[in-house]
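Two complexes, one shared chain (chain A), two partners (chain B, chain C).
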Partner chain A sequence: MNTQRISAIFEKDLKDFMKNMMLLMMPIIPIVLAVVYSRLGEGEELPLVVIYIVVGVIFSAVTTSIMMTMMAEENEKKTLRGLMLSPASFLDIIIGKSLVTGLMTLITLVISFSIIGFGPILNIYTIIGLFLLFLFFLFLGIGIGLFSKSIASTSAYMMPVMFLFGFTPMIEFLGLPEGSFGLKLADNFPLMQVMKVSDTGSWLPLGVVTIWVIGAALFTLICFKKTKTDD
Partner chain B sequence: MTSFKINNQNEKNEILPQFTLDLDEANITAVHSDMELQAELINTLMHESGISVFDMKEGLYERLTVEDNIAFYHKWFECKIPIAEVLVLFDLQACVKKVLKKCTRSEQRRVYFAKYYMTNTHPKVFVEPIHGVDIKTTNTFLTLLEQFKKYNIPTLILVSNMEHALLLGNVAYKLNEKGLHEIEVESSDSEPIDEGQAFTPSTVKLFKIPAKVDDKVILFDPLEIDYIESQDGKSMIVINDTSYAMDATLAETEKTLEIYGFFRCHRSYIVNLQKVREIITWSKNTYSLRIDNRVQSTIPLSRTKIQDIQEMFNLK
Partner chain C sequence: MDYAIEVQGLKKAFHQNQVINDISFQVKKGEIFGFLGPSGSGKTTTIKILTGELVQKDGYVKVLDVHSQKFSRANFRSRIGILSDNSSLYERLTVYDNLKLFCKLYHAPLEQIDVILHEVDLVDARKKIVSKLSKGMKQRVLLAKALIHQPEIVFLDEPTSALDPGNMAHIHRGLQKLNEAGTTIFLTTHDMEEATLLCDRVAFLNKGELQEMGSPEELRYKYSTHAFHVETFDGKKLIIENEAKNGDKIRDLIVNDRVKSLHTDKPTLGQIFLKVTGKELV
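This part shows the complex of A and B:
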């Protein structure tokens, strides 16, 4: 790890982010959603499900999407060729990009919650939960970014991530019978578990989310190994 | 930094012949070959010797300005030379705030040069560095080569254009199926060109220059010819981008064509002075002639010949 290289990548990607319309639009989606929902609620406190739909959209549309778009663009334009003199410098690139993604996620979270109210998340359990969720979505983004060869292909990968992990709380609206397999499965998804943390304030769901994070980290590792052997 | 040796003894490679090439740190080595051999050589260099090759095929950050690009590479490669100095060295100070996407091809090329300059790998291998760029950029590249020479960094340049090989390299080689052959770059120590001998063409009956194409013999009017170059000891008449082999050697041709206004401007070149449009002076005291033909070819002009040509055009 080399802090100078990490900061070089961080500065470069931050400047690039500001000039990239495609990436700049991403944080707008959850913020608009937050505005719409807060208007619908007419001053009353929003139900937890709605808040977590906004959280899910933030993590999937901002964290995962920005990360994989940035990596896919470097792959597509081959801009990293000549920069990677050792495997360590690849780690620097990923860390630098993760910092940009993290910053953008944080900004979007703060803006969105200042619209819908900080109330439901201001406790230590939820904050840890949100941090774990960030890691989970970040690893997904890195993993997908490693093997996507073009920006166009990221929109295809984006869809399943968004629907499976970003919109999980919406499964309630599907009208599945109580106790069905689908509901039980969805109940164990990371976003649902963090929702449970906010609701009950117990530690157990955090353990489940940690397992998801480890799973996502393994997925990233496998993608990394695979792209290394491909080259 | 020591000299670098490239050794290709791979018998399985059907295209590339076996050869050994010493990259001397005091010299810039240029290798001239056709595209196919060049691609094969690059492949060998990258995959077997693990050398990074600068072919300008990787992308730069198009949305960022020239300055942002340079600043990023500067920080990434931990370059010790101040950014301002790098910008001046590559003549980029006029377009620092320009977004790279909007820069001209030549400006973008100079950003690539700056990137490669800051890359701390050696030896430096360039592929077609000055193909299709303006004179300013070519001059920048020559300055860059001077820097490499100063810091004793072995440098190899791969080109498919003989003029570029002679302009850029101190040592030039020609690579073909048979192997690697050195081309003499400077004519200062060359064969005595018998200028002193009063050579008067006995007859002026010779109005046409014969050249062979397959089985046919084509007769050229001397005034059509752009220039004549020597390739592997044979003289080739060049008209636009086609060349025709002739039987005579360059020295013989020089004598017969002298009265038609032809001039031996380089060891391997005779130029039709009527067709010279421009005398280009590069930064490191090297010269080229630009021919007024369709492809605007440039041919090398020896340092020792510049005097003669200036006299001829009454430039003194």
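This part shows the complex of A and C:
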């Protein structure tokens, strides 16, 4: 790992991000959603489910989507090859890109929460939970981006990520019977676990989210190994 | 002998398809070495192995005294430069920003950007967005990118393919200057004129096998029929074998002032390639 190389990749990706309309539009989606939901609340504090739908959209539409699109574009334009053949390591490249994605996620979170209110997230458990969620969605973005050969193909992968992991709290609106398999399964998904942390202030759900993060990291590692062995 | 590249018994297969089949060669330090062959002959695969992009299992490969197992290390990558046929640039960024990125990745001083832009004659384009450049200019930026850290050896995979003669000449001049400064150049091309102009030695690769190697001059001599080609003022074209018994015949032509031109037969590299492999270079 080399800080000068990481900062070079960060600087390049930030400049490139600012000139990429497609990526610049990504943070707009959750911010607009936050504005719409804040209007519905008519001054009252929003239900936790609604707040976590915004959080889910931020992480899927900003964190995963930006990372995935940046990686896929590097693959499609063959610029990733140039970076890989330079003295920069894969870790330098990923950290540089993750810092840009992290910065954009943080800005979107701050703007969205300043609209819907910071109240529900201002505790250490939730902040750790949100950080773990960031890592989970980031690893998904890196992994999918590595095997996506074009930007166009990322939209096909984006949908399941968004519906499964970004919109998980919406399962409550589907009217499934209490104790059903679908509800039990969704209850263990990372976003629902962080929601539980906000609600109960317990450490246990953070353990479950950590397992999801490890799983996503392994997924990224497998995708990396696969791209390395693709002759 | 100081070698920049040493390859012994190199083989590479993709699934059942043997792409490189037991090739061996050495490239001396400071040499321009041309690796010539038609599309699909294994040139790009060889370059990918020599630069560490592909891993080989069979054979011995050393570049700048570094064994192929250590090609992924940063200090090896800092010593080589690569320009391949599918190298590309960040299209939304300026020429300067593209070169700045690689300057920083290679820990080269930023002043080097202006030096290299001057060498590829792109000083006026430094603030231009890459997507607005012509193909020839982009290729010169790619060459600048490959050379920004002053590598000891440069691998160039078809550096002038599809370029107009002006841009091609620009790149050729740049490569000659680079070589004069001591940089070793490993060049793949199927342009025989380019190889003849630039290379100290060439190797012919066909179906993954090395079929001939030597300096263009040596090869042209080796495959020459050594006959004299004579054109007379009355329009006759004669081929006279280079044998003692034909001495008088040639002398008579000269004495009688009939010779418009006289030269020995020297085939072009393209003709030699055709002779050796039975294939034209396309």
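Just so we're on the same page, the second predicted complex is superposed on the first by the 226 of 231 C-alpha atoms of A that agree within 3 Å, B and C clash if a C-alpha of one lies under 4 Å from a C-alpha of the other, contacts with A are read in each partner's own complex, and residues count from 1 in each chain.
As a convention for this text, a residue touches a chain if its C-beta (ideal position, glycine included) is under 8 Å from a C-beta of that chain, and two chains touch if they have at least 3 such contacts.
Not measured: the values here are computed from a predicted model.
Once both complexes are superposed on chain A, the partners chain B and chain C clash. Once the two complexes are laid over each other on the shared chain, residue contacts for A:S114 go to neither chain B nor chain C.
Look at A:Q4: by the touch rule set out above, it reaches both chain B and chain C.
Using the contact criterion defined above for the overlaid structures, shared-chain residue A:S180 touches neither chain B nor chain C, since it reaches no partner.
When the shared chain is aligned, no partner comes close enough to touch A:N123: not chain B, not chain C.
One of chain B and chain C touches more residues of chain A, and that partner is C. Contacts of A:N20 after superposition on the shared chain: both chain B and chain C are touched.
Once the two complexes are overlaid on the shared chain, A:S155 sits clear of chain B and of chain C alike. Applying the stated contact rule after C-alpha superposition, one finds that A:P87 touches chain C and leaves chain B untouched. Clashing C-alpha atoms with chain B appear in a single stretch of chain C, chosen from 9-17, 27-35, 63-71 or 243-251: 27-35. Residues 4-5, 7-9, 11-12, 15-16, 19-20, 77-79, 81-83, 85 of chain A are contacted both by chain B in one complex and by chain C in the other.
Chain B contributes residues 52, 54, 57-64, 68, 71-72, 75-76, 78, 115, 119, 121 to its touches with chain A in the complex. Contact residues on chain A toward chain B in their complex (touch as defined above): 4-5, 7-9, 11-12, 15-16, 19-20, 77-83, 85. Remark: chain C residues 14, 51-54, 74-75, 77-78, 82, 86-93, 97, 100-102, 104-107, 145 touch chain A in the complex. Touching chain C in their complex are the following residues of chain A: 2, 4-5, 7-9, 11-12, 15-16, 19-20, 77-79, 81-89, 231.
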